[in-house]
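The following blocks contain the structures, represented as structure tokens.
Heads up, the next two complexes both have chain A, just with different partners, chain B and then chain C.
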Partner chain A sequence: MSVQAQLTKGKITLRGSARIVTEFFMYGINSILFQRGIYPIEDFEVKKKYGLDIWVSSDVSVKKYLSKIMESVEEWLAASKINKLVLAVNSRETRETLERWQFDIQLVDEEEKEGEKPKPPKSEKALQLEIQAIFRQIAASVSFLPIIEEKCTFNILVYADSDAEVPTTWTDSDPLHIKNAEQVRLRSFSTDAHRVEAMVAYRRDPDLC
Partner chain B sequence: MLPSAGPGKKRGATPAAASSQALQPQFTRNPSANALPPSTVIRSRFRSIAERPPTLIGARGSKRYMLDDSPSAATDRAPWSLSLETPIRASSAHTSAVPLVDTLMRPQRLFPTLSPLSDAKTSLLASAKNSDRSPARSILDSAHKESENIGRLESLKRAAEKAKFELRQVELARERDREEAQRAHQRLESELLAQTKRVEKLERDRKWLFEQEERLAEQRRAVERDLSAQRSAYESRIDEMAAANRELEQQLDDASHAMRRLKSDHLDQIDDMQIRLSRAERIATQLQASEKSDALRSRGDFSDTSSLQYTIDSLKREVQSKDQDIDELKHRLKSTMPSGENCSGAADAAVIPSRERIAQLERDLHEQCDYIKAVEQQNHQLRSETRRLAEAASLYEKEHEISCSLQAKVERLEKQQTGYADMEARLTALHQEREQWTRVFHDSDSDNSDTNPQGQNLCSPFAVAKTVATQRHTIKLLEGKLQSMQESEAATMQQQQKATNDVQSYKQKCLRLESQLSAEKTKTFQLEASKQHAVREAEFLRAQLHSYDREEASFMPGNYDEQKADRIKQLEEFIDEQRAWIVSLESSTGDIRPISADGAETVSTSLLQGYREDAEAKQHELDSLHEEHWRLQERFDKLEKETARLEHQVGSGLGYNPKTTRILQLIDNPSAQDFAIRSEKLKSLAAENEALLERIRQLERSNPAQSLSLQDASQEDAVAGDASSPYFHTIDNLRTENQELAHQLEASVKLINRYKKAWKRKVSELREVIYAILGYRVDFLVNGSVRFTSTYAADLDQSFVFTSGDDDQGVMQLSGGGSKAYLKGLSNDIRYWVQERGSIPGFMATITLQSFEAQLDQKAQ
Partner chain C sequence: MSADHISKGAFGPVTPAQAKIINRPLKDDRSAYPSPRTMSKLSASKGDSASLGPRVSGAPPSPRMKKTKQAQYDRFIPNRNAMDIASSQFNIARADSEQPLDGATIAYHEEVARACGVSINKRILTFKEEAPTSEKDDLRQIYSRVALKSTASAVTKRRILNIPERVLDAPGMVDDYYLNLLDWSRSNTLAIGLDQSVYLWNANTGDVNSLCQLEGEAYIASVKWTADGSYLAIGTSEGDVQIWDAESQSKIRTMSGHQARVGVLSWERHTVSSGCRDGSIWNHDVRVANHKIAELVAHSYEVCGLTWRSDGALLASGGNDNLVNIWDARSTVPKFTKTQHTAAVRALAWSPWQLNLLATGGGSYDRHVHFWNTTTTARLNSIDTGSQVTSIQWSSEYRELVTSHGLPHNHLALWSYPSLAKVIDIPAHDTRILHTALSPDGQTIATSASDESLKFWRIFELRTKSGKSGKTEGIGASATASLPGAMPASGSSSGTIVGSNILDISRPSYIR
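Our next item is the complex of A and B:
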């Protein structure tokens, strides 16, 4: 069932919400990679999504890596076994983490109190507007984030529950924390089943301290 | 009903009541006239005099609505006065949880007024009706009203005084509040100062800590330098030991080679010697056999081979003795007989060959023995050399093992160092976290002892988690409480605002009452003056009337009407009576009025008192709410800070529970790939470097005269196919570098393609823009020239070709066109615009216009 069908049918199911969130992660990560210049501009192409022009990587290895990740993430989202997804930007030279884009995932509480009317399903337009706002913030974050002057690479971390089923292609990692960090909370969006809050933490410029 | 109209004094019980009722029955319809005596029906000549008050009343009719505000009016309106909010009722209403707003909103009902319009209407009607009254009645009414007004004014004065007092009280309360606020402001300033001092102290502490951190960092750097120096020393030592090891290995190889060579030589020599020995033995056996045969021939019986040597020796001795005998015999023969030479010569010829052979054999034997001894000695030396080399080899093994163990130790030390650094970093982070948590718990313990009443031990993670959960729950509760308190504070603020508005309205009302009071005062003075004037005028007129009466009685006795005079007298008496009645009425109303005024005052005072109490209670409540709000705000700020800190921790990647959460990454991630590539590259470069260094060392060790050149060595390496050769590493590295360069080339190609696409897009856009705006299609030709074809050109060959000038400085020149005939037709324009004026744009515009007009003409035709 497509996302559109999920949206038009009525309230979004957990599986449909997982798909929406995964899609958002896919495009969000691509947008961050483009905006932060992790890969050259030639490796990106424009795609129309959420009513916006979003730059998506055309590099085969990156696409393959992201699709692998999103496959597992969608499963974990559907099983409610994930609570964070982090995109860490690392320096190639020093392997130090320079930026940390964190997406907190919360399960929306579905309990309905007695006597209260059930919440109406979120419209596609409202959802799209919320996601648009996040993408606009990602694009605007270039103005306040420090300029990345060294060659960088990235890594994606997933904060999963300890009882989650982990494929053999995954391994444990350290949190890749940033020393002397500053952080900015971005907007959030929510489906009927998940709520995603975005945040970016970056290394404070030592010259400014 | 007026108080004067008591049970013993009914309306119309005055002496003229009956006649007045008979004469003016219509006045009974006027309710206000019910209290008037019946003498009002009298029509006299005072009408013209008494008509003034109605005009006066008419002129001030607009003020008459105050009539209804009088206490008497209040007493008249008994039914609605039941709904009047007395202070007691107000307080009871307040205590019975009736909103203060309702009680505050009601005071205006204390003095309810009819609308001025209705008052004016009623006054006009009254004046219209009173216009038919007698002047005396009007005077009486006016006097009555004046007295009422005076009473009302007095009550208003008192009310105003009370209101002023209340206002003063309110102002004093506000002053106190202001002073309280000022004190609070000073207290806050002092707190701010203390906070500033604390901040400065913290700043100093921070600086001190920063210095400490710098000092520690310096120490750490020194330790790192020492470690790196030790590491480099260890590395150099390892290198030296490795070099020594390699030298020893080389020596061992050389020695083993030499030993093998010597051994083979010795073996060859031994074999040779054995062969020679066997040959010598063979010869010896042959000789022995020949000697044996000789001995057998000479002695005949020698069977024992073991006694051969003895026999040989004995033979030698015998030979020597025989030789001596022979020599003696030779000497004898030489000396005795010359013929004996032939005999001795024959004997010598028989003995000499055997002796020579024996001597030869002895020499050979001796040589062989010497050689065997030398070989044995050499063998012994080689054995000792081999033993020494074996010992050296064992020593080398030991050294190698030591070096390996040292290397492993160094690696272990490095790992431990990195692990130690990681552990130290983690320990520092954990210390910080622990301090923060301790601070949090300490704060929460000190602040909210109720949240942790049992004094839970926070040493276990479960307790910490539980406490954190409890704290979160408490925070949520406090947030909810804070929200409710904020709402109640907002409500209280609204109430306070409302109270302030009420005070303002009271002030305005007070001002209005004061202005009314002043107006009433003025009116009272005017009425008093008019009354005095009217009294004086009445006295004067009365005196004048008396004088007329006296004149008439004295001068015109016939005309003097006795009855009339009696009547007038009677009327005068009636007036006096009425005056007395009015005075009594005033006195009676004066008794009542203070009561009512006092009642009103009591009502207003108690109401104000109630309001004041309410206001004080609300103020207290507001203060307590402010205090609570302040406390909650502080708590909220603290929790906000804590939340921000925890969020910061979470955002920087530290705050997670490793027991419940796993941080996962894909094994094959870009970062790991990049690191692996870099590590591989580093390793290969290190190997290449090591191999090259080894090669250099080998070349340095070897003798330059005997060493091979680099070319030969490379050829040798190539021939040998040694994979550890530095050139293979170099080739591998160059291949990797080549791949990277190929990647870069691909990226450059991508970039160039993107630029090309963008360039093409922009160029087409430019062409379209020029075509749309300037009307020319631009074609860039191969030779650098540009062809312009007008939009309105009739044919495709009607075009112009422009080329750059000779200096190629961007100056364009018209160099030709698509059709010579076309250009020829435009020769005048070309000469005019291009050659004479040097304006290509002008020429092009002219051509455009001409083409356009030609096209229009064609279409028209």
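Our next item is the complex of A and C:
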């Protein structure tokens, strides 16, 4: 069932919401990889999404890698087993984390209080506007983030509940916090079921203090 | 849920309006942590969770734990950063105390956990597989798409058409950067080498002749007219240099000797210089039987640029070894060598109005045009063109030069000299421009590319019809100047003319 179909029905289900959030992560991660120069510019192509031009990787191996990750993430989201997704940008040489893009995922409280009217379902347009704002912020963040000079790679981390089903392709990890970090909170968006808040942490330039 | 993010206590959910206020760097992430009193019990002075571990265990801080910029690995623990030391340590500590916990202790643990960003019943997972790396060089440097300058700047007072005046078919054009297959003679005949054959296109009449066809596997590697346009030198892939009479269209002689293909030729009166793939340059005197009069060896790879100065005193050569050599006509050692280019140097051009000025352009990794004063050997100026430089042509009419380029735009760029301001960019071909030739009247540039077309661009239109046209000796320019009305619209707007086998002649030529 497509997201569209669910939207027209009224309130979207948890699974539909999981799909929207996963799709957002997919484009968000692609956008960050492009903006931060993790992969060369010619590996990207423009796609129209959320009413924006978004750069997504056209490299087969990157695409495959991300879709494998997103498959698990969507499962977890639908089962409400994760509450954070982190994209850590690491130096390829020292493995030090230079940037940490964090997306906090919260379940929107479903129980409606007695006597209160149920909230009207969120329109697709409003959702798109919220997501647009985040993408704009990701693009704009290039202006304050330190320039990455070394060759970098990235890691995707997920904060899962201990009872979550973990495929063998995933393993436990360090939170990959940044030493001496500064953080900037970005905008958030919410579907009827999930609320996603974005934040970026980066290494403070020691010379500036 | 116990493991909220550390910063949530500080911020809470953010509405767009609040985000405006909060959306600025915090001075310190430590300030985002709630600071419970319990922190002091753990003596976690650093506030960063990774440093917590060894302190709690009571072990003295080992020197290895000292934070340095370099990653510290050892035999047993390859990478400390990759391990969740804080969580592990905390779990070990918990396992030790098996006694039943009361509510206060649990709350305490949770508080500590939250304070440290460590979770008790949360797992931090990462995707095992490494992210694919892009091992390619960062091509952003090489193929950055600089925006084209599509309209002529106000500096130029003439109109520069950015559509070709004429397009001819050139099937079989070999896509090889190291060959030189196009030349336009003084007598207004264009010679083009297409694979095994050389064709002559008479710009006055529009007639096409096939001059010669090589046998076997051999192909044409270079063509060059003498200064008066009466003879054509042809370099072949077999290492021969042939001299052809343009009038009778017959071969006069073949000069053999090179062991590899002759990719570039340059005439100086009765001497023809040939640049070979093996890096040698030979001077042949075409009048005598023992034609080889000098061997110039200074390049270690293929010579792809070679041009005599108009007075015959100096010869400039460029090779695939990224060198530019300037030779005195009387010597067989280079007068000086220039190493500034970082890619093969194919584009070489002497300024027609300043004898000692030489422009050289480098290939895809270099993208620069350097200007040299060959008297003082000093570098006068440089341009980063943003794309490989395949050839350079100076204008005799204007203080300008044209460079032709490859990826990404395959364009012609017009620069004024000495300001080096870009006048205009003209996207010219579908593939990199391989060869350019200037018409004898100096107004039109012919370009050919491996998209198998030959295009003519009127870039250096003469300033006035009076005064200047006398200088052009009636070759081309006077006729074209009188033919503006006859310019067929189809010639300029139709793309590549197909249909005829070679160099279409069915349309009226206005380069007459």
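As a working rule, the second predicted complex is superposed on the first by the 209 of 209 C-alpha atoms of A that agree within 3 Å, B and C clash if a C-alpha of one lies under 4 Å from a C-alpha of the other, contacts with A are read in each partner's own complex, and residues count from 1 in each chain.
In the analysis below, contacts are C-beta pairs under 8 Å (C-beta built on N, C-alpha and C of every residue); 3 or more make two chains touch, one makes a residue touch a chain.
The shown structure was predicted, so the numbers you read here are calculated from the model rather than taken from an experiment.
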Partner chain(s) touched by A:69 [first = chain B, second = chain C, both, neither]: both
First (chain B), second (chain C), both or neither touched by A:187: second
Chain B versus chain C as contact partner of A:25, first or second or both or neither: neither
Partner, of chain C and chain B, that touches more residues belonging to chain A: C
First, second, both or neither for A:50, with chain B first and chain C second: neither
Touched partner set for A:135, first chain B, second chain C, both or neither: neither
Which superposed partner A:95 touches (first chain B, second chain C, both, neither): both
Contacts of A:159 with chain B and chain C, given as first, second, both or neither: both
Contacts of A:173 with chain B and chain C, given as first, second, both or neither: both
Partner chain in contact with A:34 - chain B first, chain C second, else both or neither: neither
Residues of chain A at both interfaces, chain B in one complex, chain C in the other: 40-43, 61-62, 65, 68-69, 83-84, 92, 95, 97, 102, 153-162, 164, 166, 169-179, 181, 183, 185, 199, 201
In the complex, chain B residues that touch chain A: 647-648, 650-654, 656, 659-672, 674-675, 678, 747, 750-751, 753-754
Chain A residues within the chain B interface of the complex: 40-43, 61-62, 65, 68-69, 83-84, 86, 88, 90, 92, 95, 97, 100, 102, 153-162, 164, 166, 169-179, 181, 183, 185, 199, 201
Contact footprint of chain C on chain A as seen in their complex: 37-43, 59, 61-62, 65, 68-69, 72, 83-84, 92, 94-97, 102, 104, 133, 137, 144, 153-162, 164, 166, 168-179, 181-188, 195, 197, 199, 201
Residues of chain C touching chain A in the complex: 1, 3, 5, 7-8, 11, 13-14, 16, 19, 22-29, 32, 48-50, 67, 69-71, 79, 81-85, 117, 119, 121-134, 136, 138-140, 143
